[in-house]
Amino acid sequence: MMPIAWVIPCLLLLSAAGIVTARSAFGRVLVYGGCLLICTALGIGGFTALTAANQHLQLPVGLPWIGSNLRLDALAGFFLILIGLGGGGASLFALGYARHEEHPQRVLPFYPAFLAGMILVVLADDAFTFLFAWELMSLSSWALVMAHHREEANARAGYVYLIMATFSGLTLLLAFGLLAGDLGNYGFDSIRNNPPTADVAGVVMLVALVGAGSKAGLVPLHVWLPLAHPAAPSHVSALMSGVMTKVAVYGFIRIVFDLVGPTQWWAGTVVLAVGGITAVIGVLQALMERDLKRLLAYSTVENIGIVFIGLGLSLAFRANNLGAGAALALTAALFHALNHTTFKSLLFFGAGAVLHATGQRNMETLGGLIHRMKVTPFVFLIGCIAISGLPPLNGFASEWLTFQAVLLRPEFPQWGLKLIIPVDGALLALAAALASCCFVRAYGICFLGRPRSDAAAQARETDPWSLAAMILFATLCLLTGIIPGAVIDTLAPVARDLTGARMPVQLGDAWQTIVPIAASRSSYNGLLVFAFIVISILITVVTIHRLSAHGVRRAPPWDCGFPDPTPLSQYSAASFEQPIRRVFGTVLFRSKEIVDMPAPGDNRPAGIVRTIRDPVWDGIYRPLAATIGWIAGKSDLLAYLTIRSYLSFVFAALVVLLIALTIWQ
Amino acid sequence: MIYPLLAQLVQMTVILTLSPLLIGLVRKVKSRLQRRRGSSLIQPYRDLRRLLGKEAVVAENASWLFRIAPYFVFASTWVAAALIPTFSANLMFSWSGDLIAITALLGSARFALALAGMDVGTSFGGLGSSREMMIASLAEPAMLMIVFSVALIAGSTELSTIAGYMLNGQVGLRVSLAMALAALLIVAVAENGRIPVDNPATHLELTMVHEAMVLEYSGRHLAMIELAASLQLMLYLSMVACIFLPIGMAGNANEPLRDAVGFFAWLAKMAAGGMALGVAETIVAKMRVFRVPNFLGAALMLGLLGVLLLFVSRGM
Amino acid sequence: MTFMSPHGLAFDIAHMLAGLLVLVSFMMLYQLRLLALLHVLGLHAFVLALSVAWQAHIQDAPHLYITAGMALAFKAILIPWALRRMVFQMGLHREIETVGGIGITMLAGIALVALSLQVMLPVTANADPVAREDIALALSVVLIGLLIMVTRQNAISQVVGFMSLENGINLAATGARGMPLVVEITVAFSILIAFIVVGVFLFRIRERFDTIDISELDRVRGGQM
Amino acid sequence: MPDPVTGILLTPIIAAAILVALPGYRLGAALNMLASFAALVFALTLLWDRPPTTQYLLVDDLNIVFVLLNCFVGFTTSSFSASYIGHEIQIGKLSLTNIRFYHAMYQIMLFGMNLALLANNIGLMWVAVELATLTTVMMVGLYRTAEALEAAWKYFILGSVGIALALFGTILVYLAARPVVGEGIDAMIWTNLFHAAPDFDSSLLNIAFVFLLLGYGTKVGLAPLHAWLPDAHAEGPTPISAVLSGLLLNVALYALLRFKVLLAANPNAIAPGPLMIGMGLLSLIFAAFMLYRRRDIKRMFAYSSIEHMGIIVFAFGMAGPLGNFAGLLQMTMHSLTKSGIFFCVGHIAQVKGSQKIADMGGLTASHPVLGWGLVAGMAAIAGLPPFGVFSSEFLVVSSTFVREPVLALLLVFGLLVAFGALLLRVTSVAFGPVIGPVGRVHASYIPMFAHFSLVLMAGIWLPPPLVTWFQHVAALLG
């Protein structure tokens, strides 16, 4: 029995209620309030499942001869917590935010269904149910992406999104096909009992990496993500970025760690390579993005890369029978996944609040919001610090664990791992540094300085529900940052199930220090670091105010004495990124700056045009689309032939088959 | 229990109080080498006092962030500096953050400072922040690569453990360590805004980085920032000393005598380091901002090469 | 007279008639002029009628005489006559436009006959050798009929091709000893052909198309765009 | 109460006879629905009252599914047709003389298809398929426009050639059977053939299968024999498009399956699988690319039918318990979904007064039911859950990848390419700015909803009896 499974029918009922009551305020409260309650229950249920025995449930639906199987184990429990957290936060946010939704009838019916799809993915215990839920999750989130369908960009986003989502589903289908074998043993239990051979396991791992990776946003399969996530209403963006990508990570873990069993060492190499590249490409693209929500979406790509670095390390350790290392790396990855859910949701909520306050997503039109909004800038700042991986917040804790996993053991027997692990360490470090650059830019341009447009100048603080959601997540960012040991201990059953080992118990320590392996090796204490910073600030403030003059005088900015009449003279997002663009972008993104200087006598203002090419679009997707278009164009000629030509096809087919028959005989 | 706590407090106080002196020393050395008499060694202290005595002029549209940032910057730097073993490895809280955490703490300080630079909304502030973050985006991974090299050799990221490992002399000469040292020097120069990456003495618009960020600051805020900068310089010098030249540093035992020896050894190291920096700054010219990435890229590559060597062979 | 053939004279005559049908098919392939083609079509149906009648005789299946009679009356006389009238009424080109030269289509026809023989070769002897060779010839006629449909651009000659294809099928059906429903099927086919002819005629009557050249017909197709 | 089989076959004949004489539109439409409903009721009684096999007629696990489907879609389409044709008459696109024999033809068509399905005699089956073809040809040309006539003509010519090839194949089967089963009608009775198939001459059977594959394959719409299909779907009235895609293709497929069973039963014959797999994949990939340049919405969904027929034939070609099961399920789901889509598209085209995709847009805003109906149909036909096609595509793809990885990759490629095209067009029709007239149309949504809810139900839960049949049939198909 599995009481938690009841949330799925409840959510579907809410969906139905959403259709009926979409246009009324009651519908909004009902759907989001209901989702909030359900998500809370889900989080609690997931938490108890971490330590409880596995629960099973078989329903007489789905594929007739195996039914629909659900299972709640520690891994599922952890991801249920994640969904409960992200979903609950998003619902809380939406209670206020969705008041401004123009087309609630396009959002309300799909929102609970989206949640239900994600929950069902996590609970599924056979391939059919898993993929059913997987595609359901894609389809309902696609409908949410299409909520604001009149904007042309959104239609394109939805298109690319659903294609890639279907690609992901079909690819995973192939992986399950291999696992299920000739007889169609789609139940996960029977797959676990008949693990594939090493070669098949490798292929399954690769296919699952492509399948789950295209949903999670691994480069080069990430192209849909920066299009689709921003297109949806902000609470849905938060859910897609913060939770759905994690469900994709779950899919990868479930298949590769649980179902496939031990993989060969090169599996780790591949995942590490992909993860490292994803992290860096993602953050570089985020750095060059001017749309706030797209920036956040690209940053999701980066964080998914970091999670996959952890997973790759875990695979590498597991292939070498190093249980402790595998547990450490897996814990780091899952911890980062959890962290990403908190701070990315927070940031998307913030972006939603900004969008609501100004109607703008383009950073070049924002600025100075810190003066006009009271709470949002503060919590958004916390999100920015957390996502930049800076102590004492949670982003640092998980990245620190990942670094420890990188450093754990250099003596791998395989050359591939010897090379890729240090390189990944460097890529991770680079990504972390670039991320802080990226979020200085994002925060500085949007919230600091002077407003760059009237809309930004007239911004107002958002509603209390939204603020409550943001404050909740900001608190979580801080709490998991200063007591990371609690999260690590929570993750222990998951790591034990999947790697056979677990990290040392953390919470026993009097100072709540986290010690991944041994105290002499490395340790970190978020609580103390936080306390030290707070104490030194207090000491300093007190001392300074004793010692120094108290006067504060407001004056026009100095700025080296330049008169500065217009906010346009501020550093813009584009100018901020320019040094980085020069360093990293000239080769990778073929970025160019063209000075457009009018001829003498021409009154036109001079300007500078920057161009950035996306190597993934240019290298893969555009040629692919062009090829398909070309073939479609050529084959289209076959639609305009004479009847005689069609008859000759029949004739040719007949002759060919007869000849083939003679040859065969 | 009490002894390490005392050592910790002494460390925190000493590093804070002596750091302006280090700045004074570097300036003095540079002046002498330029055949100037230069200001007094304790001029930085006087500057701080003067700044503290003045009223703070804050730009009209500066926000709360602008006023909090100096304290945060100072506090993070101070906490980071407190974690570095200077004269003794026997610090009460040295385990609360390892080398990675120290790097990240400095990153937090920089994050706050860069935001503060953008707060007023002037072109110079943005310019400074942008360049600072660009430099950091290369210097930080380079620093982490150095951390990796050292940690792989010592088997720990804890500075006290590393120092202990280096002290017992079985390390020998290693290629990877040499690379790490070279990279660390480059990073230290860049992170502290010294020549050839940045010039702390300049206010020439097109060349300044750090100074552009803090252009709007005055009074006690500026004092905090200046103090944090000098703390950071001392932090880096101590770090180099702790990792590559831990001679004389006291171990884990509670022995006041050895601590005293360690203290003077540390003072000597700082003095030597300050003079070396002064000399180096005199003979090298500042480079163009867009040459800096190459310079730091070299550090990153050196660090990565060192780590790779360690992964391939433990003996390197 | 069994010394003439292992199967007896009756079968030899059946074979001869079937072979004759293939020969007439080749004559069709050879024809460049429309009216002459119609004459050959009549001949084709006539040979078929003979063949069917002979089968009716040797199989002792009187119902096949109906088929023979229909072939004679309907296909050998009525339809060629109707088509001929249409050619005159509509003032069609008397020349047949072909795809590829006559020589090439003839060669292709020979290749098709070879192919049908080759295809039928592995059919084991216990499956009635007579039927085997009969079917090989019928298959040749069918394939040549299709070839005519494919290589002739003029609608009437395509109708002719279809009819010769159908004659091949009739040959096969009647050659299959004891096959039920043959008459019904031939009737159904005749209806089909009548439909085609009427269809051709309908287009003409409605005067939507200047010619019934099918490539003209294709030109007005809308909807795809 | 007469015997159900007789009922299924006689009802349309009697109805057709009355309908020929009946003047006026409304009465005819009502009777048409009534007769179709009666046939459906008879078909339902087949579930528990299965009549004995005779020389001419047969009811077994294989065809009972088809017959039920046929009668169900026949009934829903007749009710859709009532409102659709009514609207066409109202706006003057069709005159009463145009549709003089429409309902009678509809019943004869249903009769032909049901007869083809119930026939236990391969000759009778052939005649029935020809009958169904001829009636649909007449219906396709219903509008009498140049395009409609041209489509009908093309359909007719290609269909005739196909039917001729199929007949040749049938004769060859008879020839193969004669030495074993004996002369005369016995050698055409399917049940006899099935039992005696192992002793047939395999070479004859091989050649026969080539002809049957091409002959009935033309009707199924397999590439490269498909040319008639898009035109016929696009130019005929929409109820006929629904029937063509939903039923006629199935009937031809059914014939093909029957012969495949024979081949599978004969140990020496060629494996029919590779041929079917090849043609299936070709159809799928070809149709997938053809979908991109479609500007007419009905033509687009016609190509989608080719695509799905490709998948189905591919699945049957892969065979095995999973492949056959998937093929049957896919076929059933495709019938229901595609006819549902045509119901939806028919109304859309009536609202917009055009079938061109460029004349439609923003339907979810202007006509939520039609717009979301189309989106649901697209999702269903593309194999997304919670619709039934998902289950069958799940089985096809996953079972293929273990056995033939390359084929599975090609299959996935084709599915993706096709989905790309469908989604592109449906997005532009259902979303974005509203284009074209926004008036209401008097339409009955019930048939559409009925189909989609069945498909939805099948995606979540398959009724156990259906599963049992499918499994029996899958075993039969080898």
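Remarks
Order of writing sets the chain letters: A, B, C and D. Residues in each chain are counted from 1.
Everything that follows uses one rule, which is that a contact is a pair of C-beta atoms (placed from the backbone, for glycine too) under 8 Å apart; a residue touches a chain by one contact, two chains touch by 3 or more.
Quick caveat, the model's predicted, so the values are computed rather than measured.
Chain pairs C-D and A-B differ in how many C-beta pairs are in contact, and the one with more is A-B. Ranked by how close its C-alpha mean sits to the mean of all protein C-alpha atoms, the top chain is A. On a Cα centroid basis, the chain most remote from chain D in this structure is B. Taking each chain's centre as the average of its CA atoms, chain C and chain D sit 31 Å apart.
Work out the mean CA point of chain B and of chain C, and you get 98 Å between them.
Note on chain placement: the centre of chain B and the centre of chain D lie 77 Å apart, centres being C-alpha means.
One simple way to say how far apart two chains are is to compare their mean CA positions; for chain A and chain B this gives 35 Å. Residue positions of chain B in touch with at least two other chains are not found. Each of the following residues of chain D touches two or more other chains: 153, 157, 161, 203, 207, 230.
In chain A, the residues that touch at least two other chains are 639, 641, 643, 647, 650, 654, 658, 661, 665.
Interchain contacts (touch definition given at top) occur between A-B, A-C, A-D, C-D. Within the complex formed with chain A, the chain B residues making contact are 52-61, 63-65, 71-72, 74-76, 78-79, 82, 93, 95-98, 100-101, 104-105, 107-108, 110-111, 114-115, 117-127, 129-131, 133-134, 136-141, 144-145, 148, 151-152, 155-158, 161, 203, 205, 215-216, 219-220, 223-224, 289-290, 293, 300, 303-304, 307-308, 310-312, 314. Against chain A, in their complex, chain D makes its touches with residues 153-154, 157-158, 161-162, 165, 203, 206-207, 210-211, 213-214, 218, 224-225, 227-228, 230, 270, 275, 286, 289-293, 320-322, 362, 364-365, 375, 379, 382, 384-386, 390-391, 394-395, 397-403, 408-409, 412, 415-417, 419-421, 423-424, 427-428, 431-433, 459-462, 464, 467.
On the chain A side of its complex with chain C, the touching residues are 639-644, 647-648, 650-651, 654-655, 658-659, 661-662, 665. Chain D meets chain C in the complex at residues 121, 123-124, 126-127, 130, 134, 146-147, 149-151, 153, 156-157, 160-161, 163-164, 167-168, 171-172, 174-176, 178-179, 183-185, 187-188, 201, 203-204, 207, 230-231, 234-235, 294-296, 299, 355. Listed in rising order, the residues of chain C touching chain A in the complex are 99, 112, 115-116, 118-119, 122, 143, 146-147, 149-150, 152-153, 158, 214-215, 217-218, 221, 224.
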